[in-house]
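Take a look at the structures below.
Across the two complexes that follow, chain A remains constant while its partner is chain B and subsequently chain C.
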Partner chain A sequence: MGNKKYIQTIGFAAAVVSIQIITYFSATGYFLTQLTMSGYYSIVVIGLCLLMGYAGQISIGHAGFFAMGGYITAVLTTFNFSPFVKNTLISLFSKTGILIARQDLYGGQILSFHPLFACAGAVIFTIVVAYIIGGPVLKLKGHYLAMATLGLGTIIYKIVIGTTILGEADGISDVPAFTLIPGLLEVSGKPSMRIQNYYFAWGLVIISMVFVLNLIDSRVGRALRSIHGAEDASNAMGVDTAKYKLHTFVLSAALAAMAGVFLTHFNGGIGPSEASIMKSVRYVAIVAVGGMANLWGALIMGALLNFFSMRGYFGTLDDAVFGGILILIMLFAPEGLLKTELFKVKRKNFQSAEKSGEV
Partner chain B sequence: MFNLISGFLRPNSGEIMFNGQQIQGLKPYHIAAKGMSRTFQHIKLFPKMTILENVMIGRHVHSKSEFIAGMLNLPWTRREEMRIKEKAMEILAFLGISDMADTEATSLAYGQQRMVELARALACEPRLLLLDEPAAGLNMRETAEMGRLITKIRDSGITVLIVEHDMSLVMNISDEIVVLSYGQKIADDVPLAIQKDSEVIRVYLGEEND
Partner chain C sequence: MELFFQYMVAGITYGAIYSIVAIGFNIIYNTTGIINFAQGEFVMLGGMIAVTLNNFMPLPSAILATVLITMIIGALIEMIFIRWLVNPSVLRMIIITIGISIIIREAALHIWDEKVRALPYFTGTEVTSILFFGAHISPQVLWVIGICSVVVVLLNLFFNFTMRGRQMRACASNRNSARLCGINAKNMVTLSFVLSAGIGALAGCVISPITYVHYDSGAPLAIKGFTVAIFGGLGNSMAAVVAGLILGILESFSI
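Right, the complex of A and B next:
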């Protein structure tokens, strides 16, 4: 059980490396930009898969958490705090290096948050919000939970689009690079940093994946699956079901926020479409295509579909494609694409071969 | 009644004492942690989980790995997992169903599913075990086997409280019987005395007409 998980992870890491090598030799390095973005979206998918597939709690508001992470880091790193420098807190921040001076797009000097602190602030804020909202919302079940999280997503979208400081319909641009290792690694859209960013994004994906895979194999993961199966019985066996659901919700919101932070630095900005309901539906659709309780399925589908979408293969029908996918999957393959008849036959053959000792 | 004791329903008035502590109003998971475990009249196993995993859930109150430890798969978490698994296997062996450990719970026959529910409740190592109609839906042979197991559990030092109207089971294994009629206690005695109790006979079998 344990070993299989690590072999899969190593196999996946090898695939990540080979894709980069292929793009290098086929002179298609520009693919890496979309692959990097698709990696960040996959982190959202991993968290949502844990929440939906394992704990059995739907969320149609995860784009909201992604946007929350992205927008907070964007505001903190682009808002000019220098007019407030007389404020003791601001001047303290400025002296301790939490606020740094830099040049904006038009050459003016601005004083704004260091990306590291903006990132921490964004993730912590999202965690707090998820905690406060998750408590009451997760008492709901089924359709009602879906409606409530949909409402949450709508609220965040409306806030984003109606707030001046968040750039309203234009979003926020000129988000600075997030320098992690000076000269070597910075999360930004610079072509010279393309390969580093690709590996950084997919490194984060793999780390998130290992953590979540470990979690579902643990006592907590077992408790989550029991909640999914029979919540009453789980509670009677001593599982604090409300707490476990809430913590899982918060964890997946935090993963979404982290992805939002880095993608915003990578893109150099964020727009309100990241908070839209269609984005949330897209994440749900990807988890469903992957097979709900199937992290690898969700991850691979997330990477592929987001990549195709960003390369523009779906054209103007982008959102329609994801909506359509959701309907088709629910109708014909509710357990995910990999568990349809076509794949099942192969798996059965493999199992019977395994039993007779051929493998 | 069981739903009140185990915390699924909140009593409007009165108190419930367990081990010298008031437990009314506590959540079910809290009561479970205090050493009370239950089964359900309508079987509530965890689908898509194996028998072993179902029983391992019963060990939840006796283990403590949480989110961070689970995500990092720390050495002590792994050791704890091993202990949980061993204990669960032990309980399956105690009930004589070890060979089904890797079967998916909901693919079993009804009588076997009841057995797994019993194993899961036992894995909590309760002081008090509540069995909600353990013979419901079982045939005579399975009922007898269930009775034998319940006696075995009683003999291992666990107090067992059963709600049941299968008289062959109740009369054979009980130390003490409480008879209820519309929520009111009408008798409380050893099985033999209950069988002769005139009030019980009147309520459950009807009056003799002169």
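Right, the complex of A and C next:
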């Protein structure tokens, strides 16, 4: 694959920077807030694209992992642990700085987890859950896998709705800022931090992208594609299909959880709609539009569609637009938008360039 | 003991509904090999359309019209989205039916609204009850159980003793052989959508007085119906009835 992916990555980074500069000069800096959010959603899309496009395993429950990351970090950073300070574990945590005291909105002292440890806890917990669930679930194929992941998403949604500590239908608000470099970079919704947050979010996107791109170029990536092509055949060739599928599932769940953590800190809260089935379907739709096995397509579509959706361009038809996109793409262009007839001519022109670059 | 019967009857009622939804899944699965994720939406549509039609026509004709309209919707869905696909992959079909269910749900949200609706009780009112071994049973429960049983019996007769039903079963067991025998397999697929839309809508009408209906009430039913369909073995409609009753009874006793 050579240098092609690095050129693409650099091009993408340049696009990210130029968008920021454009918004700066056209006085549309407020766009950056939605662009940051769609950056975090794009991380989920990258993970799901790896799982669906390359390993060929559908998941209609990925919003569940996103919400899991977000909710755990929200609970750990807002729950007041001071009544439990007698507990050895809690006092140990507070002495080692894992728990920090801070003032809440009303001026009272609360003792809660440092965002860094909350973030680590959220991601690790999600990884453990994904391992436990992924084992049995990924043995399923086709409809059964779709329904099982759909059920998983529903369960997480119902847990969120029905648990007092998770705020039930109201969600959790007042999540503190996640300070990464004091004074310079903190993940929060403060207008003064808007540009830093934009770069932080898209920096994370690029890092995830490079990581996943390198992964699919390696031995692992070839194994995944062979699973997608013919699972039995690749099994017969000595590929441990169950292991690869599980690890891909866990990786994409971890990416989703990480995105959930940062978006929760950025928004200062999280609500149950983040865990809803519609969100999961939306991620699937974006991966489908971008082209199942096309990370760049999924990333660009994810950024665009999430941005439009969050700016409210679709109005009350928001969900219907995603449903409609899903059907149209699957009916007319199951390979994704970038691979339809429309682009065939263009692709032919670039074929010689592609040949030297690809595989 | 009264409580036992009370729970038992409640379980059977819900079980009957789950069975009907599961049979809807099975009919389509048998002829096409796909799971129609929009099956729950047919139930929701049934309830919604019937509530609207009931405003200007008597209940029995409203229900009849509802079933017919939903059947037409089912046929249209099959003709527009599924009929012309050549060898679609499972992943593709799953995503298409999920998209269909979203479109139907959003359409319902825009046509009606997010309010919860219900048909009037078929006989009596909310407080009418029949004493049965010490348990108080609403007559609507008897309607639900009765209509579900009739549907199951009729479907059984249809699949075993009519030409169409036999043709559909032939398509289910071997599509290519069925086509060689001169059966129009594509029409059978349309027919399967029509049938499962129809019985879904009927189920939606019958349960709406008890469980109410709103634009989002299809998805939970679809998930339970799918559970039942799996429990009884995909494609096996009679086993789905037993599985549905077991799930319904388990559910009502576990509360």
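Assume the second predicted complex is superposed on the first by the 349 of 359 C-alpha atoms of A that agree within 3 Å, B and C clash if a C-alpha of one lies under 4 Å from a C-alpha of the other, contacts with A are read in each partner's own complex, and residues count from 1 in each chain.
By our rule, contacts are C-beta pairs under 8 Å (C-beta built on N, C-alpha and C of every residue); 3 or more make two chains touch, one makes a residue touch a chain.
In this text the structure is predicted, and so the values were computed from the model without any measurement.
Colleague: With both complexes superposed on chain A, which partner does A:Ala320 reach: first (chain B), second (chain C), both or neither?
Modeller: Only chain C is touched by A:Ala320; chain B is not.
Colleague: Of the two partner chains, chain B (first) and chain C (second), which one does A:Ser234 touch, if any: first, second, both, or neither?
Modeller: It touches chain B, and chain C stays clear.
Colleague: Should A:His247 be classified as contacting the first partner (chain B), the second (chain C), both, or neither?
Modeller: first
Colleague: Which parts of chain A are touched by chain B and by chain C alike?
Modeller: No residue of chain A touches both chain B and chain C.
Colleague: Which positions of chain B touch chain A when the two form their complex?
Modeller: On the chain B side, the touching residues are 6, 8, 27-30, 32-33, 37-38, 40, 44-49, 53-54, 56-58, 60-61, 63, 65-67, 69-73, 77, 80-81, 84, 120-121, 124.
Colleague: Which of the residues in chain A end up touching chain B in this complex?
Modeller: Where chain A meets chain B, its residues are 211-212, 214-215, 217-223, 225-226, 229-230, 232-241, 247, 251, 293.
Colleague: Which residues, counting only chain A, touch chain C once they are in their complex?
Modeller: 52, 56, 58, 60, 142-144, 146-147, 150-151, 154, 277-278, 281, 284-285, 288, 316-317, 319-320, 322-324, 326-327, 330-331, 334
Colleague: Which residues of chain C touch chain A in the complex?
Modeller: These residues of chain C touch chain A: 34-35, 37, 81, 85, 89-92, 94-96, 98-103, 105-107, 110, 219, 223, 226, 230.
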